[in-house]
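Down below are the structures I want you to see.
Same chain, two partners: subunit A is paired with subunit B first, then with subunit C.
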Partner chain A sequence: MMFRQVLYTQWKWSAWAVVTTAVAAFTLPLVSVQRAGANTEATDVLYLLGDVAGVGYMYPFLAVAAGITIALLTWAPDHAGRHVYALSLPVPRWYYALLRYGAGTLLLVPTMLALWIGALVATSSATIPQGLDAYPTAIAFRFALATLFGFSMFFALAAGTVRTAIIALGVAPTAIIVTNQIIISFGGPNLVWTALEYLIRLPGPMELLFEPWMLINV
Partner chain B sequence: MSRPLGLALVYVVAMATPVDAQDVTAQRERVAALAARWAVLRDSLAAMDRDVRPDTVIAGRLHLLVDPAMQEHLAPAALIAWSHLEAALGKTDSELLDAWWPAVRYRGMDRWAWSRAGPGILADSARSAEALARVIEDAAWSWLLVLGGNTVVRWTSGLHPRPGRDYLRRAYLELVDRPSQATRFCYQGDLQWCAKALGLVEVADRWRELTTPADRRILLRRRRWERSDVFQQCQAGADAACLRLTDGYPLARPLSSDATTGLVIEARSLGGDGALSRLLSDSTLPLADRLEATARAPLDSLLSAWHTSVMAARPYPSRLAGATAWVTLFVTGVLATFALRSSRWRLD
Partner chain C sequence: MSNAIETRDLVYRAGTTFEITDLALNVPTGSIYGFLGPNGSGKTTTIRLLLGLLRPVRGRIQVVGRQVPREAHLMLARTGYVPERPHLYPTLTIDEAMRFHAAFYPTWDTKWADELLVTFRLDRSRRVGKMSKGETGKFMMLLALAQRPELLILDEPTDGLDPVVRREVLMALIEYVAERQATVFISSHLVHELERFCNWVGVLDNGRLVAELPMHAFKNGIKRLRVHHPPSTPGDTPFVLLSREAGDGLSAGEVWVVRGWQATMSQYFDGIGAQLREVVDLDLEEGFVEMLRTFRHPVEVHS
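This part shows the complex of A and B:
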């Protein structure tokens, strides 16, 4: 019952964002196969793959942007009301945060579904040359994971105080980069780069975002 | 000359099969190839005699001429190189290396010696034995490739799989993305078209035989500098205009040397012991015949095996790795847990 209320209020605050990201997610796959749809004869496969790859860069951006937007909107009213409403409820802090997290995740589902449907429509309407395949479900699953990842990261940041966010996003990275530069200037290893490589390469959590996103591929 | 011997000579001359012009040409080419190989060896040895007192590092069938001062540095690398070459070539084919006596020059020891030495190997004393072994192996494979004559050198870039290069996967991608009906039919399993796409069959006019009008438009569109009226007509669908543009503009073989290298590797694997020797033995034969000899199988069987391997090597780069999904979900869970434990409501 309480979850339904939390979901309802959260929907009211973030309906515009949900609709906007869902429309964008539905449109993105359609844009990527425009050239394939227009061709009735032999397709220039390299051009087609170039188009798909070009639009592919937008998927992780949209996924993370959707996640961040919903995460920030989830906590925005609580921050604005100085958490008075939340404190007045007869529930522990972790339970309230869990309700917010669940509601936020549920509000991301329309965007995820929109991308999946858009990808299915796009690939079924396109002329795909032999040797290539469409990956609408794989892209949609990846998009869902990336959205959830972005949402969770910024949900955790926004759940804390402004001071925590400033430390996490500003002070800590600056301190790390400065320390790294000092280490490098003394002939030491580039630890930041190494850490980034671990994050970006398999099995790093951000490998998902940095690998090419191809709706149509071999 | 005695009378019986003279009669015998007359008999032999009378019974001998006349030599036709093609055989004479072939024999001349063989002699020329042998002379070229001899010249390389002679120049190499002459250069060594001129510049330094040569010594020989021997590892298996590898004979490397080197300055005695560097013999100790070269020996471990030669052993590693030989172990790799022996494994890759097999017993019979490794005998081909008996005729290879390269001079090994060390960079920096004699600034001008390298340019005077002719063909050989440029080494570096700062390099590890493994790195130097790779240099020796590359030189050996290049020499073997040249042994096959111009036809092989022009047709393929290698005779063996190089580390980190997936020839079959590359061939698959080429079958998919090359605008040519030869690659499209080959992809579907038509081996005659595979032979054409691989350059094993003579094609009089590649533009007309290997491409359709749509292919030609695509290929000509890639000439980005072309903006003439004829080009515009071609792109508007007038194939005659496209064909005019193709005059004097040779069309490359649809499948690259990566694909042909994959075919050579397949032929060697089918042919077993001595496969490479059979490929390189007669530089006058057409490529298709030489590959049949290499594989000890008809060309169709070889192409079929290659096609099957290429199709099996299809990459699936868009599939999400299971590990990535699990790691992302795990990190997402950790982040969510952080959020539940945030300090926002702590009063103490």
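This part shows the complex of A and C:
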């Protein structure tokens, strides 16, 4: 009952974002294979892979954008009321946050499904040259994880105060970069770059965003 | 007598300039407790502490038998709250806001909520963000009442409402209290409004509790006395001397404002060689003003 009402309110103020990102997610795979199937010569295979790779960078962008948008919309009305209404409801704070998180996650499902369906339609309607394979379910699964990653990060950030967000997104990174530059100027290692490499390369937690996104590949 | 709200040694600081200091509130169960104080005295901060929305620096808070903030969610299930400024979701309609609110309260009374909608002439399809101030005030009271709470915490619930709406809101509140014997903790700076129906009063000034007493003691005990030939130092008085001021200049008298006055205390003046010429009742507002003035500037002769 509680979850249904929380989901309903969130749907009411996030519907436009859900529809927009779902349409974009459905369209994206179709765009990536529009030149597939003209013929199967070697040059066309390269063109096709080029197209798929070219559109590929849009997947993580869309996934994170969808996650961030829903996360921000999840908390926006509570922020506007300085959380007084939410905090005066008779549930523990962690439970209320869980209800909002669950509802936000559910509202991302249409976008995830739209991408999967789009990828299935795109790969089944295109003629895929010999030697190449389609990965609609794999890319949809990866997209879902990337969306959840963006949503979870910004859900946690947006749940706090504006001051906390400024510290997390502005002050802390600036302090880290400045410290890193000082270390480098004294001949030390580039710690920020090393840390980023660990984060974005296998088996780093952000690898799923930065490795190439190929709907069709060898 | 048990207390619906009890605080001990409560301390809270907001920034460097404002502090709630050693607050010890006792709100008897079943009472209608008026929480008085000028703007900025800390009434809203105190209420937010009672509800667990703020965390105290130290001290103990117990509301309807629950420790706050640790058991705040259990306390909130039995407490109706009308905030100073409404914080409902503006994009929802009245109907949607009611359904959302009801989902969190197992004691929600749908039938009575519908009756209150009719009584308050509220349109279910109207958006919360589009409501007038009067409609918002009535709707906030509806939400608090329809959850059938045993304690109502109301933060200036009628502030800014016109007299007709104010009357409707207070009537609904009084009917509920009469039916359920609920406790009401109502803050206001509109002293006359509380005078009519509160039976306990607490006065807060600058984060400190100035007084807490039954309303009849507050109303009846504060008097203005016209005293002729008063001594320079009054010595031990049987009443609490709140203030002394020089008279109107036509006589050698002074005007004393006292608390805890009883008729038999007039003998005191015979004993110190002074003459008591007149005893004037103060209404709640005058008593409130005198109490605050004395609290801020302890008794002295003003000329």
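In this text, the second predicted complex is superposed on the first by the 211 of 218 C-alpha atoms of A that agree within 3 Å, B and C clash if a C-alpha of one lies under 4 Å from a C-alpha of the other, contacts with A are read in each partner's own complex, and residues count from 1 in each chain.
Everything that follows uses one rule, which is that a contact is a pair of C-beta atoms (placed from the backbone, for glycine too) under 8 Å apart; a residue touches a chain by one contact, two chains touch by 3 or more.
Quick caveat, the model's predicted, so the values are computed rather than measured.
Q: One more residue to check, A:Pro129. First (subunit B), second (subunit C), both or neither?
A: A:Pro129: touches subunit B, not subunit C.
Q: Check whether A:Trp13 is in contact with subunit B, with subunit C, with both or with neither, and answer first, second, both or neither.
A: In the superposed model, A:Trp13 contacts subunit C only, not subunit B.
Q: Look at A:Leu191 in the shared chain and tell me whether it touches subunit B only, subunit C only, both, or neither; answer first, second, both or neither.
A: It touches nothing on subunit B or subunit C.
Q: In the overlay, answer first, second, both or neither for which of subunit B and subunit C A:Leu169 touches.
A: It touches nothing on subunit B or subunit C.
Q: Give one of first, second, both or neither to describe whether A:Val109 is in contact with subunit B, with subunit C, with both, or with none.
A: neither
Q: Between subunit C and subunit B, which one touches more residues of subunit A when both complexes sit on the common chain A?
A: Larger number of subunit A residues touched: B.
Q: Is A:Leu87 touching anything from subunit B or subunit C once the two structures are fitted on A? First, second, both or neither.
A: both
Q: Name the contact category of A:Met214: first (subunit B only), second (subunit C only), both, or neither.
A: So A:Met214 only meets subunit B here.
Q: Shared contact residues on subunit A for subunit B and subunit C?
A: In the superposed arrangement, which is not itself an observed complex, subunit A uses residues 87 for both subunit B and subunit C.
Q: Please name which positions on subunit A make contact with subunit C in the complex.
A: 1-2, 4-6, 8-9, 12-13, 77, 80-82, 84-85, 87-92, 95
Q: Spell out the residues on subunit A that touch subunit B in their complex, using ranges where they run on.
A: Listed in rising order, the residues of subunit A that touch subunit B are 41-42, 44-46, 49, 83, 86-87, 93-94, 97-98, 101, 129-133, 135, 138-139, 141-142, 145-146, 148-149, 152-153, 155-156, 159-161, 164, 202-205, 207-208, 211-212, 214-215, 217-218.
Q: Could you please specify the touching residues of subunit C with respect to subunit A in the complex?
A: Subunit C residues touching subunit A: 51-53, 73-77, 81, 83, 87-92, 96, 99-100, 103-105.
Q: Please name which positions on subunit B make contact with subunit A in the complex.
A: Checking each residue of subunit B against subunit A gives 172-173, 175-177, 179, 184, 187-188, 212, 214-215, 218, 221, 314-321, 323-333, 335-336, 338-345.
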